Each structure stands twice: as structure tokens, then as C-alpha cells.
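Consider the two complexes below, in which chain A is the common component and chain B and chain C are the respective partners.
Let's turn to the complex of A and B:
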């Protein structure tokens, strides 16, 4: 079994046969042979004690080792290691498996030769980068800090914003090889216990060797693995995660990645941005409405062009039809191929600009957008009306704050283009029907993905399309079934 | 999670872990009724004062809704098919379920065929009917494969999809040639020679909720079933009255009798500067109502088959194979019926068959349940 709570790690099976051997200096040296960063220091103290320190130099803080371990041991005259090193926590080690695990996670192993005991002290090397501005979810007004790769630093960022004892943090280790730390964070007395149990069960069922990214876990946690829609929110902004926690959601922080998971989510929450709450509520609501419209434009504008130019000519007024057909008359392809080609070109440009060095990417945008677009029209590969439609839908796709959703919507657009080419307007409606059925059955952590529409929660509509003034949002989202529904401190049951 | 995956046939299609709330139940009642309205339309009612008959039909329908809601609220009703076994006993339940199943399947087949006929006639003339049947069946099976609870929940999406059409009808009323005078006289003798036919037609409009007799286990315990179904029926009454009067205002009573499928045809006249022929959007959108209603009927029938062929206590395991065979069978039936759906007269005939079936099922099923409950309570006393 790969998953385990850290507290019970001693009961777990070892990962290799060698660790079943007895704990001794020789076995440790055998295990860590051919590892250039493995070090051993022998200490003979004036008090007559003899110690051997084992550690991986690449994983521990050498300065701290000198100051807080070696110096006290040399000057200590109290007999045992814990008494000599008073300032840091010292744990006794009795199995080889435990010793190996500690050494590989930034601890030093002290062998007390006289007393024949082994002790472990955690002094990991600090590898964290400085807290930077979020690159993925940047906003104009609002906090600028973002999560980093160090799990403990991320916890600090959350705890600073939520200095309450109810903020709980359960730790897990996942990945049989990567031994990645995973924290499950929630506010006790607020979160629905059902959500918590479901998530813990899902984490326990994770069975894989290496976890390097947050998306690696989400694929294990998804209720529907074949869905195009993200079922968890990923964010590198502490304010977004704190807001989710205070709403009654749970959060997962994985060591080594700055992206934190918030769950459960709904389809409508994917259109929300932290900036909505910075603006005046009317402006925030307006921006949110534009995002929903932009999502529909992304899905439907190009397929509508295909449907109209393929089957449903009658839907356009004569004046508009003449414009479309005049420009299309020189194009040798049928509208479906034309739309596929141009949409694909846009996707290639987008992918290209993502992978290129940041200084070249804007140039690629200019080359792609203006030069290729104009050249495509001049050479008769595509009509100008389609190029305009594709440009608008391409821009519209970026209005959705969730990047995973942006990419999903592009794939759905391709499907809709195909359906529009097959059956015109009927094909598009059919696509929407299937999308509706899919969203209707989708869940995130067993909660309806289309809440508060179905099930209908009237109070939650204050923060879906319209972003009401914060004073009016006195209750937490009903679909989360939180233990404490009210956000205002006047209510008796509120968290103190 | 009780989501049903069509690939994983081990999961039950009938898990009741996620239940429906009052809004879903109200909209479900409304959407099930609306498909009959789309098929039958109102032009056969001839006079504006027939609006009172619609209201009367709605009021009587509320009574039937009351009986159905009492059944669904009862301890037996909450158990679904098991409750039917408790009510009728082992033998009578099988007979009742079998007859109910036959009627529901015939209704399912004719309603599907009729929608395909409408789609082919007004929008997809160049496409073979077979393709359209296949597409409709796939959408129904896809929804049904998500499980009963999700199919019932889809009522909200169906409502949201199709409510926009109502707004388009309101826009039609602002046309220059529309005359409010055409809805007069609003009072007249409703008991004319056409009374019986009109009443049957109106009663047909309100049918649909009778296929909900098995959904008891899927309703949340805190839902006021009667209130929800009452509101659903009330929405239907308002929609029907508004649309009926709308057709008179739009076409006028002289021209209306010559119009066929006024519900679909009316929207033809709505034109904007940039976009025209709006029915090319609205007609496919109506498919959501058909998909919802037919998926509910399909799942109910499927459940009935499982219990008819299995025992009361241990029903046969619901498998993907069984589900797919049922779906292919219904697809074959629809295709066969469509062969007999080529002329206007044939369409009218099948429309009438559906109307009489709907009238019969909506009248008899709640009545039988009501009588059975009375008889059972009498026996208990």
C-alpha cells in the first residue's frame, strides 16, 4: 500500500528487501553505497561518548548541522543525545526502514556507539524560492503573493490569513517512489464531514509511484475521468484558497508544486475571478456576465458560421448573406474544412506562443494573427468573415479565468464544428443537448456540478452570474452543506 | 457516487442516492406535459372562448395531480415498484405493470416518431429519417444511461433550454399585424358540437405525469410533493393559456383553423434584421423536452420490465446488455412506425392515437391507484 498517514508509518511494509535487515552502521553504508552525497562523521566527545553522524549532504542544512547538532554534541556532557541537543526535536530510530526514510527526507542519523542507539534529527535544506507574483492568475488590485514549491511555506501563507485553531491540516504521503507529502486542509466545524470522508477515501485509494504535479492527483480524485471539464479548482493564489476554505471547501497541498487544489467546485465557479470582488459589484457582475457570453461565443460562433454557410442560409438576412457568400465564393474548401483549418492554425499559434521564450512569443502573435490571417484571406484559403469569427472566438476563450476550462472549450468547439458541418443548426443544438446531459450528471466530490441550478439553491445565486455586494452574501454556498451556514458574527453558531 | 457509466454496467441505473428537489419535481411535471402540447397544438380548438376549457382541464388535472402526489407521498409510493407490489399484490402488480409498460412504450414510440416527423418536415428535409431517429434515440439512451436520478434532474436543464422559446413568442406579439381584437369574444357557448373533441384534446395536453408513478424513491423526503406538482401543472396551464390566446392574436380566428402545428409555425414569422427563420433553432431545441420525457419513460419501462421478469424481493440485475437490447428494440419499433408516417393523413392518425392513449393513461392510471388505495385502506380497517 502506497498511501499512509505519517503517524503510522512504522507499521508499513518496506519498499525493498534490504530494509528488512537489522539497523546497523554497516547496513546503512551498504544501502547508501555509490551515493556521492552520502556523508559520515565520527565524533569523539571529551565526555567519552562516541557518535557517528550519517546524512545526505544534498538534503540537509549543513550550517544548522554544525551549530545545532555537532557543537552541542561536542560540548555536551549529559550522557544521551536528546539531553545534549536540547533545542531541536530528537527521535529515536529502531528500524532500518525508518532510518532510511528519515535520511532520504532531510534528516541526519546519529549513531550512539556507546549506548548502541540511533537518533534522528530533521534539518532539511531550505530550497524554497522567494514568494513571487502569480503568473497564471494575475490581478490588478489585490494581494500579489502566490504559493511556492515548499509545502510548509504554503501552509504559512494560508495560516497567516486564517489564524484560527479550527484550520486543520492532515498529512499524507503518496507515491511509492516519490514519497510526496500531501496536506488536506479544512476548517473544522465548518466543512461537511461527508466531503471530508469522501476525499480521505479517495486519497487512500491513490496507488501510483510518482507524483510531481497537482494534476497527477486530480486524475485520481476525479468523479468522472473521461469528462472534459475540470472537477477541481487549481490555484496558486493564497487568497483564492483561503476564500474556498472559508466557504466550507477543502484544499489539498502537494509538496513540490505551487498549485493548490480546492474542492468541490461547480461549473459556474470556473467563471469567477478574485478581481470580481475588487470591483464595484455592478462592474464585477458585468465582467462575469461577459465571461459567460464569451464562453458561449467560444463554443458557438465558428460552428454557427459553418451551419449557416452549409445548411441554414435562410437564417441570414439577404444583405448579410450576400456579404458572406461573396467572400466565400473564392474559397476552394467547404466551410467545415475551412473552419477546421483556421481553428487548428490558431491552436498551433497558441501552443507555439506558450512553448516559446517569453521574449519571442509576442512576435509570434503578430506574425500569426496579422500576417498568416491576411495571407490566408489573400490566397483564398479562408474567407474574411471566418477569420473574424475565429479571431473573436479565440479572444473570447481567454476570458474564462480557468485555463483548464479554456482548453476544454476549444476541444468542444471542434466537436461542435463537426456537428454543424453534419447537421447545421440541429447539429449545434444536439451538441448543446449532449453537453447539458453531461454537465447534468457530472459531480465534483459527489456534489452536483451544476449547482445551484440543479439542485436549485436560491441563496447561492447571489454570487453566480450577479456578484452581489459582500454585505448581502451572509450565507455560505448551500450546495456545500456546511455545518455553519452563516458568515456574519452576529449569528450564534458562527466560528469564534 | 452513484453516477451510472454506460461502460461500467455493474453500477445500477436506479440508485437513489441523489434525490430530486421541489424545483426539479415541478419542472419535471411541466416538461412531461409540454411534449403533448407541441404535438397536438391548439389550432383544433377553433374559438377563443375555449380558453375556459383549458383552464377547466387544468383544474381537473390538478385533481389528478393531487392523487398522484398523494401516492408519491405515501409510504408505498416512496418505495417505487415495491410499493406497487404492496398495493396490488404479486399477481395484479405484474398485470398492472405489464399494461402500464405497454401503453408507455407505445406512447414513447409514437411521440418519438412524431417528433422525427416534425423535424424532417420543417427542418431536415434532406436528411433520411433513419438518421434522425438514431440521433434522437442516442440522446435518449445517453441521458437514460446516466441513471434515473440524473434523468429526473435533467428537467431543470430542459426548462432552461426551452424557456427562451417562450420569450420569442412574446416578441411575436409586438408585430404590427397582430390584433388583440382577435381574442374576442372571450365568452361563448363552450358546449358546442366540438366540446367532446376539444375536451379530449385539452386533457391530452395535461397528460404526462402518469409516468411518474415509480419515481417515489428519487424524491427528497423534505419535498412537498403536492405543492411542487401543483406548481408544475400551474406553469403548464399558464403556458397553454398564453400560447392559445397568442395564436388567436397572431393568426386571428378566421385563419387559425387552416394552420397546422401552430406552435412550430408561428415562430416562422419572427424576423430580425440580422437573423431569420428562428424555427431552425427552436425546433431542435424542443428536442430537450422529448429527450427528457422519453428517457424517463424508457427508464420507468426498463424498471417495470426488470420487476415483471424478476421477483419482488430480488429483481434481476440491471445490466448494460439488457438496457441496450431494450433501446435497440424501441429504436426498431420507432423506425417501423416511421414507415407508416409518410403522409399528412397518417401523421394525423398517429397523432390521434397518441392523443387517445394519453387521455386514457392520464385518466386511468391515477384512478386505478386511487381506487386501489381506497380498497386497501378499507381492507385494513
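Let's turn to the complex of A and C:
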């Protein structure tokens, strides 16, 4: 069939049409027909009131329903539902659409048959797990709690660290089907209003049916969708998010996922870890410098091997050349294919150990790595120098605290290997130039991605490659254009 | 899609401009397993006025090493002809040492040096040396000992801290192009099929004019204004070894630039003294200092006379005629002046450390 068959108009008539109908017990029952978890309870109170309770058993807290709704309704005789149930907020519902939305998000719908009114009460089922240690950004010294899937619990974790009235939280509902709750968090009087407006506008423009993960939103918020670099920071650590908020950034919390967005970010911030601030400042700076070097090693070590063995043999020292030459003479492939094959093998191993059951993954990863690496050398598929290069670059890629960045860097490494195979060291330089140009063109919430470098903000360099003592970092990042630039409380304009 | 299309067209355009539509613009592929990077060249003139290049291939340990050579009117031609003698392509990108035959050095080195200088793949840290004797047979006998790599490592070590003088392409050319100095190279001889360091080959412009013996080489170093430290300095006349010698050289010209005063201050430790057991050095050290001074002055005068005869200012004395505002000699005028200069050389010797006093066993 060349043309797609249009679905017939009769098929199109679905829930969307029925929600326009009038709100009645019958329409609700029709709407929720064939739903095993849809329940209906009729209550006849001694005071002569008649109520019908509609709810989805899977979404509401049944214990709370008995205690806070059914009991007060049976024993109370105040005349109306809001008066009978005093402890929880009761909302009047007048449309079928609202009734359906509330029922599907963990509310019960109370039909007052005598007064012919509908009321909604939110009593969602508490499905949260306990607060656990962050698996993605674990640190040795420092707070160990992490966000969970429950949005309110996540807000609590932030509010406990920032007990100030200026911490504002705007709520949005996104996803035409998932109706996912999204909180936009910021510190009022600190955050640049321009960033806030831009973010709100971006959120309002989101149009999609289901949002299950934070990364689903980021693809809608990205300034450059085709870039390999993450333009928003994802973290499940409350301390990271609080630190971002306090420096004048904004944060987005999506219901159902433990990963919270912080924005805007810069390229250099992706190399920062909360542990930098735990160590002595010299050690912290040293570790951060190593991370930058490791990033360059990830990008350039294997391509440099390809460039040297394919074109620029004169760049290597004589002793190293003899070693490479001795082993290369046994390898049947040319260096580009050799490097591609081995890098790909490492990626397969890495991806495999990620998907494997967690108990066997590390041992199988190690065994697989050693066995495959050794066998590749013994059989002459790859030279030991390349295997060492690949192992070092593979390890180096994990030094970047941001996992999204780790994977991006691996992809960039492949591009660089291709360039090195095409044009040697000239190709690598060309790739670096393009990378520089691309990074310069990127923005995160309209703020430059390589901010303290271009545009140049001299004060921000205190916390980029060198992590200077916290006492010296008296000002907030300049690129954020915060309303209050000073972190010290001696300044009058600071938040109290 | 328009974004991807735009980027694709842009990338294609960049590739087009970079490669210039032709294969030859792309750098040549040098798969290292297919090439034979040479480490050492020995260049000599042939009887029919050609240049002969000898090298050792390959540097891979697994394959049998052998010597290949070829001759041509030009150096590049000879290097290219090397490929005809070997199944891998001989490459110059890892060339580290060039031994030049004394006869070729006497004819003038400019063409050879210029070829190396203009090849971008050859490092400026290429060691140059002049050799006299049957170098080819020496290479043949030491082939299996990786002599090329061994010699490179030896020179590399001596460049920074050794007692054997080394010179690389960069410094040779720097002296060659300077108006105020002449180049020099280390001089080796093949004696009993062994490579022996024998002193310095001094050049006038690009042609070798004389060679200095090992004894003269030590005085040359002492006089050289830029060499300020000597780990070991043997004074043969009184069987003394000086250690950790620091020198300060002062060069003053008279107003007419006809006379030059060179004063060298030495301060050193007494290392070894053959007569130390017989006489108490602590009482006689002043006499010893005088003896060393007069001996060094005599040797220095002889050396300078030799250099003047060879018309080669490889000590770089001419540099000291320049001041911040004045540059009295231009072009070849310094060369004319050099051979007629009157030298007044003075050494001032002091011992920093005389070591232990009289041996207690003799008492």
C-alpha cells in the first residue's frame, strides 16, 4: 500500500467526544466502563443525604478514604460535603472533563444526589520508595540522600535545605495523556527574570502526550536539538540542585522521576562534582584539572594513535615508535579499522554490562574486557599499544561526572577517529576547531554554553578549572545575571 | 531536515576546499608497518662527484637489519634511490643523526644541510657530526647491536649532561647564518673499526677548515663564553682533575677593535691530584693555581691562533662586538677582522675546595 489508510470517522469518536457531554453519574460510568479498578460506593447518611463515591481504587489511598471521607460523611450532618469533610480541601466539579482528569490523577469524585452537585477530593496513593543513596553521582564524603519518584518528597528535600520564603515553586501540567506534574523552582529576588520568562514560555510550548522522564522535557527545552552536548544538567542529588538554585539558576522537577533539571548550565559546569567542595581546595582543583585532561584523553588518545600510525609517524619519539612498529607489523587491519573495531568492542562491553543483571555485570565486564583484550592481542587483531590507549580512554571517559557527557564524548571520539583516518593530525585539529566553533554556538536558556570563557567573565574563573577556597567565591556566577550578585550576608541587598 | 541539509552541504564544501578536488593535496598515508623510518644517515662524496647515502633498515627488531646505500647527484635523489634497494619505503621523518664524511665537509655542507632543513618531517634537533674513516664498515660490524639507536641515545644523553660535544641542525644553521660566528661540529674518527670521539671540526661558513684535538676541545669549551659549567676538567700538564668548574668569561674589545681581552675566571673543586701524596696541597695551592693559569693561557693562545688560521670564529667572539646601540661589523667585515685580531687571554683560577689535607697514614 502506497498511501496510508485513513482511519474511519466512526473510529475517531472516542473519549474526547464524550467529555463534552454533561456531567452525570451515567456519563461517568460510561467513561470508565471496562475498568476493573473503577469503583462506586453509595452512601445513605442518617441525616437523609445520599452520596455516590466514584474513584479508581488503584490510584487512591483506601485507608485515607475510609478515615477522612466516608466516616465524616456518614456521621456528619452539616448539609454539604465541604462542611462535613473539614480536614481536606474539597473542590466543586462542574464539567465532565474536570471530573475525569481528577479521577485519573488520584482524586475521588463525590456525587451529592440530593443537591445534584459533584465534589472532588485529592487522596492519592502513596507509592514512594524510601530515600536512597544516589547511584549515578555517588560521592565518598558528603550528603548521601537522593531524589525519589514522588514530586512532593523531592520538594521537601529541597525545602529542608533552603528554608526561605523566597524559594518559589510554580506548577505546570504537561502531557496530554500523562498529565504529569512539573514544578518550576527558583529563588525569587535572585534569579534573572529573563531566564524565568524564557523557561516558562518553553514549558508552555511543550505539546506532547506522555512524559515519563526528565530527558523527555529537555529535548523540548534544548536550544540546539542536534548538538551532542547536554544543555541541561540532570541530577538526583538535592545538594547539587540546591547549590544550583542558590547560585541563581532555575530547576525543574517532574513527577515520576528522580532526576531534576538545573538550568542554565555551561560546558565547564559539567566537569564539576559536589566532592570538589569536600576536598581541600588544592586537591579539589587538582581533581578538576584531571577531569578536563581526562576529557581530552577520551577525545584524542585513540585518534592520535590513528593519526600517528597512519600519517604522522615522525611525531612519536623513537623508542615509542619502535614499540608501536613492532606490534603494528602483525596486525592485518589498517589503524583506522583496528581502532574502530576495538573502540566498538569496548562500547559493546560497556553497554552490555549496563544492561546485565547488576550482580554479574561487574565481573562479566572485567572478565570480558581482559579476555577479549588479551585474545585480540594474541590473535593479532589489535596491537597492545592500541588496547592500552583504548582502555585508558575508556577509563578517562568516566572521570566526567555527567554520564550524558561521558556518552557524548565517546561519540565525538568516533568522529575524531574518522577524521584522523582521513587527514591525520590535520584532521584532529580540524575536528577540534569545529568542536570549538560548535561549543561557542551553543546556548543553554539563551546563555552562552562556554560562558566564563566567551563572553569572558573574569570573576567566574574562581570556580571553573581551579576551585578556589569558598571564602573567596563571594559572588554568584556573572553569566547568570542574578539580581543579587553577592553571596556574603554583609551586603545589604542580600536575602535574609 | 533543513538543518542537516545545511550542515551536510557545509561539510562537503569544507572537504572540497581542503582537498582541492585532488588526491595529492591530502597528506600521504604512511602506515607505519609499511615504511622504514631511518634513524641514521652517513653521507659521503664519491669519486665521480656524486653523493652517497648509507642507512640502516629497518628499526623493527623482528626483521633482519641490513645496510642499504645509493648515490646520486643530489641528496634527495640518493634518498629516493634507497627505496629501490629495499621493499619498504625509506622515510626521513625519524632521522636523528647524520654523519658527514670529512671530505664532503671540506667541500661545503650547505646543499646537504639545506635539504634537511627544508624537509618539514625532519626535526631541527637532528644531530650532525663529521666522521673520518671507513664508517660503512663500522656500521656493518655493529649492525646487529642497533648502533643507530644506541648512537642517538648516546648523543641525546651527552647533549644535556655529557662530556661529549653535540651539535644539532638548528644550532649549526644559527651559527652559519650569523655574521659574528662560524659553525662547528663534533668530529669522530674510525680507529680499528671503532667510532672514536676525536674533537671538533671547525667551519668557515659551510666548509670544514680544520679539526681540534681532544685536548684543544677542552680549552675550546673553557673559552666558549656560553659554556659556564664543566663537570670534569683534566689539566694534563700537572696531572690534575678539576671538578665542578664554573667559568665566567669577560670579553672586552679595544676602541679600534684591533685588540681583544678575554678574561676567564675559574672556580673549581680539586678532584684528583697525582702529586697530592708528596706535597701538602694546602700549603702549595697558590703555586698550583699559578701553574694551571699559565698552562691554560698558553693552550688558549695556541687554540685561538689555530682558529684564526682556519678563519673560523666558532667561539662566537664576534657577538661581543655588538652593543645595544652599535653594530660595528656587517657582512664579511668581521671575518676580515677575525684573522688579524690581537688576543690577550687571562685565566684567573681559584680553588673552592681542596679536599682532605695530608694523608694521615704518612705521618
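Keep in mind that, in the parts below, the second predicted complex is superposed on the first by the 481 of 496 C-alpha atoms of A that agree within 3 Å, B and C clash if a C-alpha of one lies under 4 Å from a C-alpha of the other, contacts with A are read in each partner's own complex, and residues count from 1 in each chain.
By definition in this document, a contact is a pair of C-beta atoms (placed from the backbone, for glycine too) under 8 Å apart; a residue touches a chain by one contact, two chains touch by 3 or more.
What you are looking at is a predicted structure, and each value in this text was computed from that prediction instead of being measured.
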**Simultaneous placement of chain C and chain B on chain A, clash or fit** = clash
**Prompt:** Can A:409 be said to touch chain B (first), chain C (second), both, or neither?
**Reply:** neither
**Asked** For A:334, is the partner it touches chain B (first), chain C (second), both, or none of the two (neither)?
**Response** second
**Request:** Look at A:223 in the shared chain and tell me whether it touches chain B only, chain C only, both, or neither; answer first, second, both or neither.
**Result:** first
**Item:** Partner chain in contact with A:436 - chain B first, chain C second, else both or neither
**Value:** first
**Message:** Which partner chains sit in contact with A:314 here, chain B, chain C, both or neither? Use first/second/both/neither.
**Reply:** both
**Request:** Applying the touch criterion given at the start, work out whether A:298 contacts chain B, chain C, both or neither, answering first, second, both or neither.
**Result:** neither
**Prompt:** Which of the two partners, first being chain B and second being chain C, lies in contact with A:325: first, second, both, or neither?
**Reply:** second
**Request:** Look at A:426 in the shared chain and tell me whether it touches chain B only, chain C only, both, or neither; answer first, second, both or neither.
**Result:** both
**Complete:** Clash check vs chain C: of 109-117, 127-135 or 163-171 in chain B, the offending stretch is 127-135
**Message:** If I apply the document's touch criterion, which positions on chain A are contacted by chain B in one structure and by chain C in the other?
**Reply:** 312, 314, 423-424, 426, 430
**Message:** If we count contacts the way the header does, which residues on chain A are in touch with chain C in the complex?
**Reply:** 226, 308-314, 318-319, 321-322, 324-326, 328-329, 331, 334-335, 422-424, 426, 430
**Request:** Sort out for me which residues of chain A touch chain B in the complex.
**Result:** 223-224, 312, 314-317, 320, 423-426, 429-430, 432-434, 436-437, 439-441, 443, 446, 448, 450, 453-456
**Fill in**
Residue positions on chain C within touch of chain A in the complex are 3-4, 18, 26-33, 35, 37, 39, 58-62, 91, 93-94, 96, 121-123, 149, 152
**Item:** Residues of chain B defined as touching chain A within the complex
**Value:** 1, 3, 18, 20-21, 23-24, 119, 123-124, 127, 135, 139, 142-143, 146-147, 150, 153-157, 160-161, 272-277, 280-281, 284-285, 287-288, 291
